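The following pair of complexes shares a single chain, chain A, combined with chain B in the former and chain C in the latter.
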Partner chain A sequence: MGDHQKIVVMACKHSAGEALRELQREGWALPDGVEWVELPCGGSLDELHILRAFEAGAAAVLVLACYHGACRSLDGSRWAEKRVQAIQEMLAEIGIEQDRLEFRNIAPTMPADLASWVEALHRRVLAPAGE
Partner chain B sequence: MIVAERKPLSEIIAKVEGYNRLLIVGCNTCVAVCQAGGEKEVAMLAAALRLRFRDRQPAMEIIERSVERQCEEEFNQVLAEDIAHAEAVLSMACGVGVQTLVEQFPDAIVLPAVNTKFMGRPEERGVWSERCIGCGNCVLDKFGGICPITRCAKSLLNGPCGGSENGRCEVDPENLECAWQLIYDRLARLGQLDRLLEIEPPKDWSTARYGGPRKIVRKDMVL
Partner chain C sequence: MSQATPVAKQVLVLGASSEAARAVKELLALGYKVLWVSGDELPSNGLDSPALAKYANCRLYALEGHVGRFVSHFLHQGQRLALSTSAIIVATGNERYFPAERYGLELSSLVWTTSQVKEQLKKPLPQSVLAFRDKRILLLLDWSGETSKELVSESFSLAGELCERCRSEVYFFYRDLTVDSPGWEQRTRELRDKGVVFCRYGEPEVTVGEAAVSISYLEGTVEGDLLVLPEAVRPRGDTAELAEILQVRLGEDGYFQELNIRKYRAGLSARKGIFFAGRCHMDCDASEAESDALQVVAAVDALLGQGALEPEEVIAYVDPSKCIRCLTCVRTCPHAAVQVVEYEDMDVVAARVDELACWGCGACASNCPVQAIEMVGQEMPAWVQGV
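Moving on, here comes the complex of A and B:
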């Protein structure tokens, strides 16, 4: 997947979205090649959204949803994780490394974690191709 | 409804990798409800195959279609042009739908993308279980509406057997209820336990699949 120069982050607006806005207030910006897709809830993530992102050339997809139990829609983050797992299995079957699709739980109070996860994924997936 | 599940992608990939123009056809009835072969599953399979073959030259052309009931020719007529264009058709319908396409489009190569499992119902989200084997001579009235032929692992008509323990079946205690416990409980609830005193004679299986492929001809519906 070295030819593709994009990471797609699919993120719940209530947790990851708030964390991103906090980072932006502090002057942090998403690295080049990282596309942020904000979801009304992790539960609104569909398996097809992930597959379409890969089809459109994403080298990796990061899904961010609230901690289980903190989801405003009750089970939205659990469903998001389930769907990510289903697509990870599918990716393995079609010969794409499963770690190209990550799921993480996040809270609005975790901007530092968000920055670190995005930067780490960027280094792992995009930076080698750019070197 | 007919319950099915998608074949492993590795099996599907092996079937289609020799073709360059592929038509994937879903069915929006049973297999859509059990989320094995409806419109969304067609889109997901198409996306997965495009990803799998994305570096291939020439690129694999994948057309996505879905019809309301693939087991009826009338609904499949809209597929004629796409089927003529495709080198192979990957059907996500049940085995009946696959064979309907084969009979309707005799020159087409039609490949199954799902495994047809059983006639059943959804017990809860994501869980389907068998309720009818289509024996051709329904006896549900005798057993409180619970089918011993389908739900008893041994299809016993005079149960239970000695493998019933705590309401579970010895074949798979974790996942299977003893059908005869269910029948007993249901008849007790209905005040019809005396029905269990009747001995059921051996079943005539000629109405089931064992009498060969079955067919119904309704003379009032045929000119």
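Moving on, here comes the complex of A and C:
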């Protein structure tokens, strides 16, 4: 499935989802090859989701959740971060670069940051491949 | 599967505070049936209506059910009392005390609290007024700590009343008047016009003598006949117990903590259908507490106004045949929406999510060790299933 190179963004709908919709209203679109998976809350992120994304050919996975303390469901964003860390350790053990999995805190008021993170990741991971 | 469940427009209001009274009044005006319950006496302020039932001196000892069909269990005059309501507004207020340790002073004939002055002013004439007539009164705010908004506001009123009604000479000592409430600047101006002297201090030196009190500060020393100190507020003693019964959270400061929501939504607790109004969850003065109560009533009406409730678009569903009753979901649900129950039709005991109480955050599903919980309504790409 080598030709299925893509980036998967797993995003809390309350923060990242709002920021994306703001960008879309302004005419911005996700770059080709970026798949957006919206979660009801960072707390619903399962380690399995991340592993399956890599299995399905993701070159990189970006997890976006609210700032800690701003999560509507209390600890959702903390759990998301912990799960990302656990998978990063696992990736290191099996020899996959840890920077293929990123975690970031985001607020609904951060559409510009969202765009720049996604574009930077896209340049870093997908653009040079170009084959 | 998201079908509307009819619910009664019936609300429990807990507490005897003025914001509780405001909420009751507003709910009645909107056509709700209101059950007004307090652990203390209830104010007799003419709120009477066939749609209102009042119960004073009740202790809540258990809460069952969820939004739309809460059942609150009280002890009332030695009897058990069970009240069914669709929503609950907690408006229990706060508790006042005299922080003797913080001030390093005991109350005496020369040192009064703002509440003592207020009580005295409520007494019949002439003793109410004569107690302060032509006296010089030193009101000292923000001493060794910040005075709560509620007490600052009351101190303003007292200063005005003492000046006008009692012809007292009032010195109003302050450190930083947080003029963050609309109207305070104007109130300060009005009081100045009435003759109140405002003195800003850094580190005041307070002396209580045999017959007089004095405050020394940067600009000199002011002697007076009476030192008035505002009380402090703290969460009521029963707050923690109440939070446990209601399964809602307390903040680090010991007050009820509302749900984190970007667009401020009045008094939402983490639990659907339970709301906080006024001084049990925020530092505010009485009038702000009452406007908070109005916003909370608006939020309750937004929830129940249609007489029916619908689940969120995404909610959790437990497959009872997979559940191993480990209670992980019960413990992790931030919104107290899961319980272990008996499924009579299937003859099993397993976790069950209340579909109206569930916020759909998915914390239970990602924590369940045997993947017994599915997020119904959540669209996920096929590869998540390993396809």
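One rule holds for everything that comes next: the second predicted complex is superposed on the first by the 126 of 131 C-alpha atoms of A that agree within 3 Å, B and C clash if a C-alpha of one lies under 4 Å from a C-alpha of the other, contacts with A are read in each partner's own complex, and residues count from 1 in each chain.
Simple rule for what comes next: a residue touches a chain if its C-beta (ideal position, glycine included) is under 8 Å from a C-beta of that chain, and two chains touch if they have at least 3 such contacts.
On a predicted model such as this, the values are computed, not experimentally measured, just so you know.
Trainee: Since both structures carry chain A, what do chain B and chain C do when superposed there: clash or fit?
Mentor: Fit.
Trainee: Looking at A:Cys71 after the superposition, I want to know if it touches chain B, chain C, both of them or none. Which is it: first, second, both, neither?
Mentor: A:Cys71: touches chain C, not chain B.
Trainee: First (chain B), second (chain C), both or neither: which does A:Val37 touch?
Mentor: second
Trainee: With both complexes overlaid on chain A, does A:Gly17 touch chain B (first), chain C (second), both or neither?
Mentor: It touches nothing on chain B or chain C.
Trainee: Under the stated touch criterion, which partner chain does A:Met90 make contact with: chain B (first), chain C (second), both, or neither?
Mentor: Touch partner of A:Met90: chain B, not chain C.
Trainee: Quick one: angle from chain B through chain A to chain C, Cα centres, nearest 10°?
Mentor: 80
Trainee: Between chain B and chain C, pick out the one touching the greater number of residues of chain A.
Mentor: C
Trainee: Tell me the contact category for A:Pro108 with respect to chain B and chain C: first, second, both or neither.
Mentor: After superposing on A, A:Pro108 lies in contact with chain C but is clear of chain B.
Trainee: Can A:Phe54 be said to touch chain B (first), chain C (second), both, or neither?
Mentor: first
Trainee: Determine the nearest approach in Å between the Cα atoms of chain B and those of chain C after overlaying the two structures.
Mentor: 6
Trainee: Which chain A residues come up in both lists, the one for chain B and the one for chain C?
Mentor: 48, 52, 55
Trainee: Would you tell me which residues of chain A are touching chain B in their complex?
Mentor: Residues 47-48, 51-52, 54-55, 90-91, 93-96 of chain A touch chain B in their complex.
Trainee: Flag every residue of chain C that touches chain A in the complex, lowest number first.
Mentor: Where chain C meets chain A, its residues are 249, 259-262, 270, 314, 334-335, 359-363, 365-367, 375, 378-381, 383-386.
Trainee: Within their complex, state which residues of chain A touch chain C.
Mentor: The touching residues are 14, 35, 37-41, 43-46, 48-49, 52-53, 55-56, 69-76, 79, 83, 107-108.
Trainee: Sort out for me which residues of chain B touch chain A in the complex.
Mentor: 8-10, 13, 40, 43-44, 47-52
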